[in-house]
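Note that chain A is present in both complexes that follow, paired respectively with chain B and with chain C.
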Partner chain A sequence: MRTYRGLMRYLEGAVPYILMAIVSAPFLTMYIGFFLRAFGEGAVLGILPRKWGFSNFQFLWKPIAWGLGQTTMWTALGNTILFAVTSGIVVTVICMLAGYALSRVEFRGRNFYLVLQLVLHAVPGQILLIAVFFLLLYVGLLHRIPGVALARASLEIPLGIWMAKGFFDGIPWDVERSAMVDGCTRFQVWYKIFLPLVKPGIAAVFIWGFLFAWHDFIYVYTLLPGTIKVMSTLIQSLLATEVIDYGYLAALSLIYAVPPLALFVFLQRALLKVPVFGGKGIG
Partner chain B sequence: MGPSIGLIFFFYFIPVILTFLIAFTNMGRTLRWEFIGLQNFARLFGIGARDPLVPKVLLNTLLYTAGALPVTIIGGLLVSILSMRMHPKAGLFFRTLFFVPRALPPVVWGFLWAWSFEGTRYGLFNAIRTALGLPIIHWFIRHPMLIVILANGFLGVSLAMLVFSSAIATIPKDYTRAAEIDGATEWQVVRYVIIPLLKWPILTMTAWHLMSFLNSYVYIMLITGGGPYYATEVWSLYAYHAAFNSYRYGYGASLISLLVIVNVVLLFVVVRAFGMRRMLTKGKIEL
Partner chain C sequence: MRVTLKELSKYFGDVRAVDNLSLDIQDKEFVALLGPSGCGKTTTLLTIAGFYKPTSGSVLFDGRVVDHLAPRERNIGMVFQSYALYPHLNALDNIAFPLKLKGLAKRLREERVKKVATLLQIEDLLHRRPAELSGGQQQRVALARALVKEPDLLLLDEPLSNLDAKLRIAMRAELKRLQKDLGITTIFVTHDQIEAMTMADRIAVLDKGRLQQVGSPEELYRYPANTFVAGFIGTPPMNLLEAYLVVQEGKPMIMAKHFGFPLPAEIIRDLPHGGERREVLFGIRPEDIRLGHGEIRGEVYVVEPLGRDVLITLKMGEEIIKVLAPADLKLQTGEIAKLSFPPEKIHLFDNETGESLLRRNPR
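Showing the complex of A and B:
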């Protein structure tokens, strides 16, 4: 009797694992298949490679043929980094300034502005592409990485401001008061007192802007000419060709996807260090 | 503050207004344009020269949203509840696993699906089928919409399960303990204790993803490109194709204008239902 009950309890404890295994099996298969494909060589038996090796990673030292022209992985990677860093810096500077103002300065329309940021985020930038296209065209920033990065950065600013505000909210008022009593101006307080205190916050906001620009496909694809390739458009254009070498593409995708995954881990740590969103945060 | 308003003004407000303006023009490949009044909209609503694709695209959009939303919410609930009932380490492992879609670049996630369901023996699932001696299936011809729904639904799951998990973590142990002592089964605890307590997170996530799915097209574009034969062409993707593939910017903008109006109405309803205060105090971040 006792063993029977113990067995039942044991089985009951296993139920979540069994269900979860069923739900996640296709995804695990996809991820594992992805890795096997990237590192596998030659003919493939089912999904198991015959031989292991790095021949799929030949783009690291060879140019990539695409259409009639060719490019290299490094050019695309350089463009991606340029695009993402520009976007990250824009997001950081603006969010840190605006976040501070919203957290500390009382002014008319402050609440309205805060809600507006959220509302704006709900109308996704991707559907406004047509108008952004013409806007950049008229300003003369179309087909240039900094211009497109600016447009991309503006999409992440609304939530970035909320993040930054959360960081600044976590700093006690006393710190600021004593600095002001000692004769600091508002800007000096921001620059000398607050920025050093929210360093993890700055990192988080920067990574925020950086990550989304790094991930971006649709803005780059639409607003940059086909001759300027970043990683995402490079992979997409290789995927759109007639003959697809999946191993090669898997390897290229892996190189492209690893930095953001690593940054996500870092972002999560940084978010945990600063009291954000009063415990409701999901970073 | 100043620059942020400037930039947001520049890339949000002007685009919205510009979208509406372009919607009334016949802007085409040459970028020359003149106002043509309501012609674009007349075409859309099938007055005069009508666009035969609009009903199909509309149906696709509704089907896609109606499919992806339950996947997200039910999937999110399932993953979060199951993972919270596991050993903490195992739970963390599975949550990480389901978070990966959101941490992957869209192109890579798209590639993963396009490759897994590729209709030749080079696709992942067909390769497995071949190895097992089963015939290959042309996934994208047989079930294009299902693939698109699942691919996007599980992106939603990444966010929803995070929100639900953190909400479950805040439920006091006493509640579930008390129910267990009263003789409730595991399922009853979930159904009558946990899910009612998750009402707000579920509602927020539903509203959030409803809007997100209505507007999303990037992943569909990457996975199927709207095909085969417009089977997965949703409203926003159709607008994109109209503007940037067939260079009918005016027509694309009129499609988008309608979508923006739908968004604003929905947003109004959501804000009304949830209240301004709630939105202010419970800012959610999207990862």
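Showing the complex of A and C:
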């Protein structure tokens, strides 16, 4: 009797784990397959590797050929970093300023503007491509990474503003008033008091702008010339060849995935550093 | 510095937060704005600080209109209910922040921070962050930050209400002493009448955005201008009973359900004509009622010992009356007590407007 009950309790405890295993199985399979491909050589049946090695990572020291041209992984990676960091910085600066204004300053049309941001966010970026193309053409930024990054950033700004506003909303009014009595102008309040207090918000908004640009394909594919490759377009161009080396692609994709992960680890501390506001019993 | 509020009004949409408020605050004076929550006292304070622009009327500092000046241009120090310290700076940097904005050299800054920290006895806490300070310590840091720039005017928004009861009483005396020593004009917002009574030179009582009465704590206690002030100042609050004021044979008489007695004519403003019964509210403070002798009878309903005193609730028919008596008075529940209302201690209010019907001078 006792052992039966013990067994039941054991099984009961196992149920959540079994369910989680079932739910995560497809994703795990994909990731495992991905790693097997990247580090395996001479795969049997396309999956099981014959031996382990780094031969798939030869692009680290060899140029990559595509069509008639060639480039290196490092150029593409550098381009991607430039593209994503530019986008991240643009998104952060604009969202931090706009978020403060929408959180703290009363002005006509404020609510309309806030709703408008949500509507804008719902618009798919692709339908703007033609307009963006001409806009960049007129201002002379077409076919340049910073220009396209600017266009890409604009897609993430609407929701980024809401994110930033949420962080500013969390700062008590008394802190702002106190700073203004102490001698701050509105801009000094923002710069000297609020920005240090919303560090997690800055990190979050930066990651927001960075990640979407990092993963972007359609904007860089359409608005950058074929000679300027970023990681996503490089991988795509390798897919478009007749013979596809999956191990090579998996290894390249692995490198593509590392920087965002590294960024998360790097910014993790800032993300978790939420300030405690003074006063007992006051949030 | 002298502060003048001239017919000040502040509306938020249709809500009249402050309605036609005029008040003159003398140099070095300690004035409390007292009222229940939502009475407009904090709005008034924030308007004086310059966060709100008056809807109409003006704020004057030493006779100069300051409505166009931003808060930072008014040289005021302010302490908030939440203290509003900057969480990312330690106590020293918090206090030095206003001086840093003024562009004072580091050595001078530290000198002045030291001085004010010594004054408030927080020298040992200067390297702690706000999160590492207790409520009372945070409050001292906030006060130091307000005082370090040597303001012309100190604004305190319920600074004591987040402290525990014991600390609050200690800080009351300390703040009062500090204000007198430094001689800074101070405006203090509170909903606690005891805080206002104990600390302020003068109290301005506000209700629903309107000024009810201004005066010294004693004036407000002895001559409340209306039923609101009468009920708000003093614990336990004043007893208010419905009654009639009549004139019989040229002598004013107060007639209530369970008692009636003549009053001296000279204390009452415009007496009713002979034969007229005027509805009034009869007021008497619990501590002014004499127990033990008199014509009036009441049944002891509740006896609450308070240590030095005893609070007795009496029933006169359906009406309830509270009496504060010395603790040695022994009364049992159900007992019939004799009591009297000394005529020089009574209050009369118009039943409709709530305004006091007494002259203030003869007493």
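Definition applied: the second predicted complex is superposed on the first by the 229 of 283 C-alpha atoms of A that agree within 3 Å, B and C clash if a C-alpha of one lies under 4 Å from a C-alpha of the other, contacts with A are read in each partner's own complex, and residues count from 1 in each chain.
Simple rule for what comes next: a residue touches a chain if its C-beta (ideal position, glycine included) is under 8 Å from a C-beta of that chain, and two chains touch if they have at least 3 such contacts.
Remember, predicted model here, so these are calculated numbers, not experimental data.
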First (chain B), second (chain C), both or neither: which does A:196 touch?
second
In the overlay, answer first, second, both or neither for which of chain B and chain C A:134 touches.
first
A:181 contacts which: chain B (first), chain C (second), both, neither?
second
After superposition on the shared chain, which partner residues are touched by A:243: those of chain B (first), chain C (second), both, or neither?
neither
A:22 in the overlay: touching chain B, chain C, both, or neither? Say first, second, both or neither.
neither
Counting only touches as set out at the top, which of chain B and chain C does A:172 meet: first, second, both, neither?
second
Which touches a greater number of chain A residues, chain B or chain C?
B
Kindly list the residues of chain A that each of chain B and chain C touches, one partner per complex.
277, 279-282
Chain A residues within the chain C interface of the complex
172, 174-175, 177-185, 188, 193, 196-197, 275-282
Interface residues, chain C side, partner chain A - complex
46, 49, 51, 70-72, 76-78, 80-88, 97-98, 101-102, 130-131, 133, 135, 138, 142, 145-146, 149, 162
Show which residues of chain A lie in contact with chain B when the two form their complex.
12, 15-17, 19-20, 23-24, 27-31, 33-34, 37, 44-47, 90, 93-95, 97-98, 101-102, 111, 114-115, 118-135, 137, 150-151, 153-155, 157-159, 161-163, 166, 214-215, 217-218, 222, 231-232, 235-236, 239, 244, 246, 249-250, 253, 256-257, 260-261, 264, 277, 279-283
Of all residues in chain B, those that touch chain A in their complex
1, 3-4, 7-8, 10-12, 14-19, 22, 31, 75, 78-79, 82-83, 85-86, 90, 94, 97-98, 100, 103-108, 110-112, 114-116, 118, 122, 124-125, 127-128, 130-132, 154, 159, 162-163, 166, 170, 186, 211-212, 215-218, 221-222, 236, 239-240, 243-244, 249, 252-253, 256, 259-260, 263-264, 267, 271, 276, 279-280, 282-287
